[in-house]
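Take a look at the structures below.
Same chain, two partners: subunit A is paired with subunit B first, then with subunit C.
Let's look at the complex of A and B:
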């Protein structure tokens, strides 16, 4: 009698819980870097429709954006992200190493080292290119005001920094020369925003600076959204192949019961529908079909990878951006 | 004369200042008129450079402000309002809210041979610690400081498994009595009705609760150690043979979402609890019943005469059922409930001596009307104004009335089977009729004064004679209970 009463109660509770679970939309938090706001607004809608059609379940994806390094710090500090879609692998490595909420080999779990798209760094200049900016050398000339975010907090800024470094190193032949080159470049930076979107605001809306070292997609977006300002895009002779990665934050997703949908959310980034959305937002798709479709919208540029130039993100982070790295050596002296 | 001289002086000074102010512009205009194109270009470049510098300064200030705002968001928030103090972590996942309840009474007993003494009384003095941790776990710890010892009233943690399913673990109110489940500071009267004598109170266990159908139906189901009739769990009450008590409550508010419906405030339901209880002569698991004036008016026999074997104890199944309802419409509110409580009792533990089932019943019908027009709700009255005579505001006033009754089953006194051994102590009421009227004055959201008058008619058990003066039942009870309450 006693056992049957308990079983009845458990069954009733389970039925109620089951009914409630069935009705509730699942919610994901995507913690991303600064310029991806518009991309993920469109992508989230596409994924929600895809997931609903596939499973019948409603999914709501909340977005959080900021400087990539800053966002990684927030996740390490406890921000309950189901997925992270950051500017560089080093930031997700930092989450894996410091918070231990995902395995250190997270990058192997999805194609292309978990980067569903690539991008690069270009220059955005004002109408008519009044300072005659053509390549990296023009950015260190006296009187040229350069806009780039803070590499301590922004993933985009780290790509910028390393692209400039490698350009100078190849041209002048040594790390010391590269360091001096970057020092001169940073001396021309009047405002250090914490993220790429902040730098866009500084250059585009506050009319500060002669040239903005920008994510390629951000530069095209600014050009498209502010046609009256006549911005021009200058593609440097050498730039870096940026591979923004994505990962499920395993421990958070497990606790929230969202592993399945979070994984599907990232996997769907590789679908043709998602790759088309990626191309529309001026990121470089990894699928051949979408890449071919959108190839004409990008200027030709010689690209190098972080691995070949700096031995990977871990080393680059340690040498240049950790406390006491080259950035601190240059910038603290400023 | 003096006026015209000072006017002329003012005009001269104004002309001089104007000339000084305009001098640079005049000079610049002359310069521009004679300057070479290179000079103009240089001036333009200089202005552009200054403009850039100004913009850079402004932007850097903007970034500093943004950084300060972002930093502030990382700091815990401390708020104090209406006497409530709260600390919330920056991410909102953890919080501690400090609340309190203090009730000071003055009680006056009239025309009484039953000799209850007039007195001031600290009825309740509670600090309530509540909040959440790890985002989804809510907690309440409520110690009671009034009385001779400090005790813990509530101590539980709950979490929402889904919006409709919450799980609660700890010590909490058993989900049976409607008035019992209403927070004490917001009840119509200073004391709950005599019907609540039959409602199990706080107990230790686990509860599942929530609401479905868009809040139209709420449910509670609990498994607890078990307490009978108005009791709170104690360490002794944990010893009832290891059997648990099962309680459940379904309460419908079918029109709760119909904003303009006159039935929006209608709620009705049924609750009940059942469990197996085995008391001992040292821990009978039975409770005395009290009048509105908080005098004991009924108790079961204890081991006073001649031996422990003459003590009445719980000896089997106890069950309570309670249909209940409330209705609130504008300033009007009514709350009604009925209890039927039956329990297997015997004299002496481990025996079947005089074993029999005793069934008691009770009811409560309370109404209230807020004279100042505020809404009456199950969660109380929020005054539109606070007491401030200089501003001509006096807070809110509410009149309340109540009729309630308690009927102790005859079998408690006389064994129907013929063994005429009463389970009750001497001098007990078998029926109580209670009438009450009152006035509540809400001086602010946190301060309430209550003035209640209660009349309790006692009917003695068959064969009992009216006790001599000095007993609670020597005469009907007439009592005025006044209270000042701070609840935040």
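Let's look at the complex of A and C:
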């Protein structure tokens, strides 16, 4: 009895001493979607400084990037993500439903449906817009080569798909017409990459395609990275409000003992400092101050939400992207 | 005769060789030019391009790009993976080739087919096999999550030690071993079959033990083929992309091998970095090729 009490006392003292003096850097793994690579390089540095100032502890955030659907699949298969920062709620729902490593009401845990920023879908075209692309209608014309990733693996591609669908539905009045519109659009796509960044590379570096349906942030980044190529951004008349959400993967974080720092990591995304970084990387900040500061860099666009047009991600995923959904019906027939 | 031939083919030069083994000059020059042109276009040019792109912003930028901790980690992981996969396949390859070439047993043709399997399936499938076996939703994951598992102590130990297989180094090593499985065995089987069992019989008849026969008779006979197989195996182990990509999880500074790191840098518009990392891979390949040539040269000299 006595020895065990002494031992536990020693352990407690050691733990305290450890906390006070030689804190080991804590490690987080952030599994994210494709275009956020540059954003999180900056944000991770900012968060590390913030966390160090607040707690004295060093934090190292490791990153993994890929198509959002593919990344979700990896987390389901056991990739030890402390936090997931994916392209759409449906992918985190898939993790919650299939691997049960976080509760199904995860989206209520942080403000704005757990989306620290929003974005939308725009078109990136070549210098001088030689094919005269102005709106979604121009993408289904014969002879226009369109670049978009594969909706099965990429989150961005699913936003693209739904934006095109809703545009056609509003214009022509029926789901059948919308399906035909999307079928024509996909017939103009020469390559379906697995993630948004792969598609950017196809369009920007391999010079394939006349128009790239892209995340707004990805389009601005490509424009900035390749000033010599003279890319132009075309904002369609209607697009979708994309809300890329973030979540702590409870089971993994608990096991690694990182719940506190992982939660702080996501909460800090809503701070003014982070919101400014977010705006700098061409995402649309949710804080009023940062949103106002960066408002002028984005084109005016009418946005609709997935909830009002498609009844939320679970339904949209089932109707359109699961096996046998509209994408399969269109694409497999091709 | 010789003078007649040389007068007929003065331009060709090799007067002393018999007529039937020579093609006319233009055929030989055309073929040589086509072969060299092809090599230059498809091998030398891309190789030069890798180094040219890597050095585009100067030697300073090149070394700065190489000095990236994630890149260095990727290089170490690549070398570690090869250092485990190659010896494993060396032992397996020798054992399998020995069994197949020197003995007959039931299931032999099945074994040969199985050895070829990694050549036949796409590397992506090779990676997925391990995800299905060791993923959280696979056999291993179900075992870890089971409430009444077989060998509960083993399960407790695995959980306690936090043994990760896929999305970690063991998965990368396993996938690499799988993909490079056939190289050594495939190199040795025809060689050992051709050599037959005579020398081993002689050794055993003269009283040598099995081990002694292996070390003194079999191994010296297959030495060069073995070197060659190991070199090819190593080249593939360091260069493998597809299978490793599936099981890696792409965590920077942790589970990215050099080929995966090249892709990441390229996708992040860091061209100097991407090509610098690619140039390291190319250098590793060139070292391998030089080694291979040395082996062949030494082998030819011994024969002569």
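Worth a mention:
Heads up, the rule we're going with is that the second predicted complex is superposed on the first by the 311 of 334 C-alpha atoms of A that agree within 3 Å, B and C clash if a C-alpha of one lies under 4 Å from a C-alpha of the other, contacts with A are read in each partner's own complex, and residues count from 1 in each chain.
Everything below uses one rule, namely that a residue touches a chain if its C-beta (ideal position, glycine included) is under 8 Å from a C-beta of that chain, and two chains touch if they have at least 3 such contacts.
This is a predicted model, so every value here is computed, not measured.
Of the two partner chains, subunit C is the only one that A:65 touches; subunit B does not reach it.
Looking at the superposed arrangement, the partner reaching more residues of subunit A, out of subunit B and subunit C, is B.
Contacts of A:45 after superposition on the shared chain: neither subunit B nor subunit C is touched.
Contacts of A:37 after superposition: subunit C is touched, whereas subunit B is not reached.
In the overlay built on the shared chain, the residue A:145 is in contact with subunit B alone; subunit C does not reach it. Residue contacts after overlaying the shared chain place A:193 against subunit B, while subunit C stays out of touching range.
Once the two complexes are laid over each other on the shared chain, residue contacts for A:79 go to subunit B and to subunit C alike. After overlaying the two complexes on the shared chain, residue contacts for A:208 are found with subunit B alone; subunit C is out of touch. Judged by the document's definition of touching, subunit A residues 78-80, 198 lie at the interface with subunit B and also at the interface with subunit C. Subunit B contributes residues 52, 55-56, 58-60, 62-63, 66-67, 91, 93, 135, 161-165, 208, 210, 212, 219, 221, 223, 243, 246 to its touches with subunit A in the complex. Contact residues of subunit C toward subunit A in the complex are 131, 134-138, 141, 164, 166-167, 249-254, 264, 266-269.
Those residues of subunit A whose C-beta lies close enough to touch subunit B in the complex are 2, 5-6, 9, 12-13, 16-17, 19-21, 23-24, 78-80, 145, 190-194, 198, 202, 206-208. Looking at the complex, you find that subunit A touches subunit C at residues 29, 37-38, 62-66, 74, 76-80, 98-99, 197-198, 201, 225.
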